[in-house]
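Presented below are the structures under discussion, each in the form of structure tokens.
What follows is subunit A paired twice: with subunit B in the first complex and subunit C in the second.
And now, the complex of A and B:
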């Protein structure tokens, strides 16, 4: 009786195991298929611009004139590539110090109520839809910039400011995770040597967790690079390299979202937009590669 | 512990099933639609009420009107299911040309978008002009200008004139708020107000939606742009064009030239269900009701008509 019971339990366990394993393999397989097909789709559509002979790769990447609907269309995407990098780096520059300070505050300065207060706020920030950020940018940041600086407020600076708020939670949460996972004895030995809290933070904690914090910064930049809607609303979308921070410019994503619906599939304009999507995808790969690289350094 | 495990398992499984169902749904939906579209004539010709499903996609400018009319149509014809999607004129034309949808909504003639290699696709499409949209030149309220001539507008939009005082207004820099190069509204404005295609200028601003354009023009000192007549209110100033006020009556009589048709394209002649829906669009009830209510101009009231080349003839 007892042996039988054991036997059946054993079988049930096996069945469960089998179901679990096949379900998991199915999920993994699905994921791989989805990723491969997406990469294939974007790549095949993206290279059609160059295959059809409308534009060469270097004309596309380094050309500065974008007028796809003109009599003799030209497809130079350089202003958008430059715009994307510009807003991304500016946003990271604004957001990184703020995020690192917030993370330090949460983990080192006031771990108790500081974390209880900040964590939900930061989670809230990451949950707000990007169209809301765009609208706040349009209603608050743009008029502020217009009244304070020369120009119309719309432009690279507005885009970078909106983006910096959007990537704040990403960097903060990764940095906070890294800081809280730091071995306690490192801090304790630093204090034992007579170091102050500031000395401990600046000489011990930050240098040790820097690769992990950088991972957060790169992840934030990846998000900033791919963000479309909020930036599109405040950046102005003129296809030029901006001469000042307060002048209208474009990013890859803003041009894609503006043009995709209004062009017909297979037209040269539409193909050029897909090529931009390909550039965006390749950039995402670069960001992921960077994160991997940092993670490897982190382990040592 | 075990309870929790199985619970998580169930949750994960349901989500995957739901996902799979979603995936299936879209494919069968498209297929089903085509099937329904071909079946519909036989059902309708047998004397029964019209039934079937219609899928429309395209122009976001036309979308609210089509949605409202579709809802009314479905109330009286309970056997019909109409779905309206946005996506833009280009998407609508592509999808109707590839028979993915029954109706492709567009702000521009199909021939203007489907060019060169796709020209034969445009030839297969049948045009149904359901409404007209008038487009007005709009400025910030404090520019001191009440009207501009065609030449003055061309000078502004090509960057020759950069200050309002050069066209009789305040001493203020002109800020152009444009639509993206592929926009149907921009194409209409360029061909009928400016008479030429313009290049984007350094420092000009492009916004995609009419709502944002209105907000920007109302808030930016010295701004100029263009908006559909239905968007006009006190926050912006609509100025006259060559001395003609942009108004619905002036569009109808043909005095004000900056307007465009809203097209609903079908691939070949529409089947009975789609035809019934498009016919309903042209009834007085819709033309003088919903069309006017949502700020469009009834196509049936127009005293002039215009062809693809832009030749205007009096009806």
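And now, the complex of A and C:
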């Protein structure tokens, strides 16, 4: 009897089960290893500016002068941090109302064919590669801005416009999900009280789904903040804080894109670029923290 | 103002903005195709690029993009399936599962340029693989893996519970249930998602600039020995993809027809992604019909 039990433990399906389980655990473990090594490598390279060089954290974050190749180099990254935040907020400002309207169109105004029309549009917009957005920005938006407004056309406005189209799908799909998961009876009771559709949308639907919609906005901003090539192509890449929307500026990503290939590993200039990558990574964590915060509010 | 009038105005505004988005997409596609299609020809698709003279093509870049995509899928699909199935079927709710979920979330929202820099540091320099197709594929793995995990997990979660319970009632082992009951049902969704994620990988550039490199060596398309340095199949050679090429000629292109080449290459990229989108829909439906003998899909 006992012998039989012991034998059955090594039957074929037990071995299969074990191998499958081990393989899957390995895959999950790999994810953990990737993220830990990523944080470790980028962080260790990023802090070397502050450990070996004579740049302090506050000099790096708030210094406004960027001249890495000068006689006495200075590594103030504030213009780039400001540029990144500026284009991100502007893009969110342009894209959010559009996206929320699109989501309302899909779920409240014409739920049937509105969804059929907009769903593929959103999917395609999110599928178009960022270099193509950059190319269109360079050949359509920049000449348009140059002809209508003062300045060269390249600059903050062009960057924000390109980014706003890129983050439209992110915000729209999250907002549409939130709106369609709203309990039907909330809406019905509002209509029963004699409210019009807009009154229902503005006083019932939007307030209840606001945290979820904000989640979409934050996710869109995270995407905009980390976007590199499209912005680099249209923003002009001047290392100054822009004084108007039509002036050339830089973002963290655009400076890294342009600089990383032309500096030698281990030089102070190169290290400063890694510090910017670290800032980008930390901002990703901030955005995810915000998303989690909003999701928690959403549940209550 | 009367509430009814306000309602009408608000509806009008919403409809206007929604249609504006459709308009934006149509004009984007129209612009790319109008400008690009006139430049597309077999010669453009298959010939090598020119540095300073006009008339260069995108042959090697196109080949690199497709080859890199295949390499990436070869790595990410099995790994993504494994981790996704674990998350859907094995992970018990708790701290560790929550932590893994957070990791997938963080990994999928890392900017692609940070992924590229990580690849430069670890894969290119530390593992000494250099600017190569392998480095690019590994960097894209970091980029694509969280997506695959999500796709797989969602696909498995949408399988009706009764199917699993029926399997248990028959006395099947968990592994058998996963592989022969749940997997076939989840497969159409997984394939659809994989093709869509392939579209994203195909157009990715920022993560590749520092891993697969920004140059393509002279390739001999009659040499199919994977170990020879001029062979297109050699995975250890640098490879500039189509998306990287578009970025490069837009920022530092010297050829007089750089704008047309960018337009042509963008058209190729966008058409490919349109094809991926259609293929995802078609294949998903086709396989669902094949596997389940029913026409309905979700």
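The criterion applied here is as follows: the second predicted complex is superposed on the first by the 278 of 300 C-alpha atoms of A that agree within 3 Å, B and C clash if a C-alpha of one lies under 4 Å from a C-alpha of the other, contacts with A are read in each partner's own complex, and residues count from 1 in each chain.
Following the convention adopted for this analysis, a contact is a pair of C-beta atoms (placed from the backbone, for glycine too) under 8 Å apart; a residue touches a chain by one contact, two chains touch by 3 or more.
Given the structure is predicted, the values throughout are model-derived calculations rather than measurements.
Per the definitions stated earlier, placing subunit B and subunit C onto a shared subunit A by superposition produces a clash between them. Using the contact criterion defined above for the overlaid structures, shared-chain residue A:248 touches subunit B, although it does not reach subunit C. In the superposed model, A:220 makes contact with neither subunit B nor subunit C.
Once the two complexes are overlaid on the shared chain, A:240 sits against subunit B while remaining clear of subunit C. Of the two partner chains placed around the shared chain by superposition, subunit C is the only one that A:45 touches, whereas subunit B remains out of contact. Here subunit B and subunit C are compared by how many residues of subunit A each touches, and C touches more. Once the two complexes are overlaid on the shared chain, A:154 sits against subunit B while remaining clear of subunit C.
In the superposed model, A:146 lies in contact with subunit B only, and not with subunit C. Once the two complexes are overlaid on the shared chain, A:69 sits against subunit B while remaining clear of subunit C.
Of the two partner chains, subunit B is the only one touched by A:263; subunit C is not.
In the superposed model, A:27 makes contact with both subunit B and subunit C. After superposition on chain A, the stretch of subunit B whose C-alpha atoms clash with subunit C is 203-211, while the remaining options among 41-49, 131-139, 185-193 or 203-211 stay clear. Applying the stated touch rule to the two superposed structures, the overlap between the subunit B and subunit C interfaces on subunit A comprises residues 20, 23, 26-27, 138, 232-233, 257, 260-261, 265.
On subunit A, the positions that touch subunit C within their shared complex are 13-14, 16-17, 20-21, 23-28, 30-32, 34-35, 37-38, 41-42, 45, 97-98, 101-102, 104-106, 109, 114, 117-118, 120-125, 127-132, 134-136, 138-140, 165, 168, 172, 195-199, 201-202, 219, 222-223, 225-229, 232-233, 253, 256-257, 260-261, 265, 274, 277, 280-281, 284-285, 287-288, 291.
Those residues of subunit A that touch subunit B in the shared complex are 20, 23, 26-27, 66-71, 138, 142-143, 146, 152-154, 232-233, 236-240, 243, 247-248, 257-267, 269-270. Put simply, subunit B touches subunit A in their complex at residues 9, 12-13, 16, 60, 86-91, 93-94, 97-98, 113-115, 117-118, 175, 180-184, 197, 199-208, 212, 215-216, 219-220.
Touching subunit A in their complex are the following residues of subunit C: 3-4, 6-7, 10-11, 13-18, 20-22, 24-25, 28-29, 31-32, 35, 79-83, 85-87, 90-91, 100, 102-107, 109-115, 117-118, 120-122, 125, 142, 145-146, 149, 173-176, 178-179, 196, 199-200, 202-206, 209-210, 214, 243-244, 246-247, 250-251, 259, 262-263, 266, 269-270, 273-274, 276-277.
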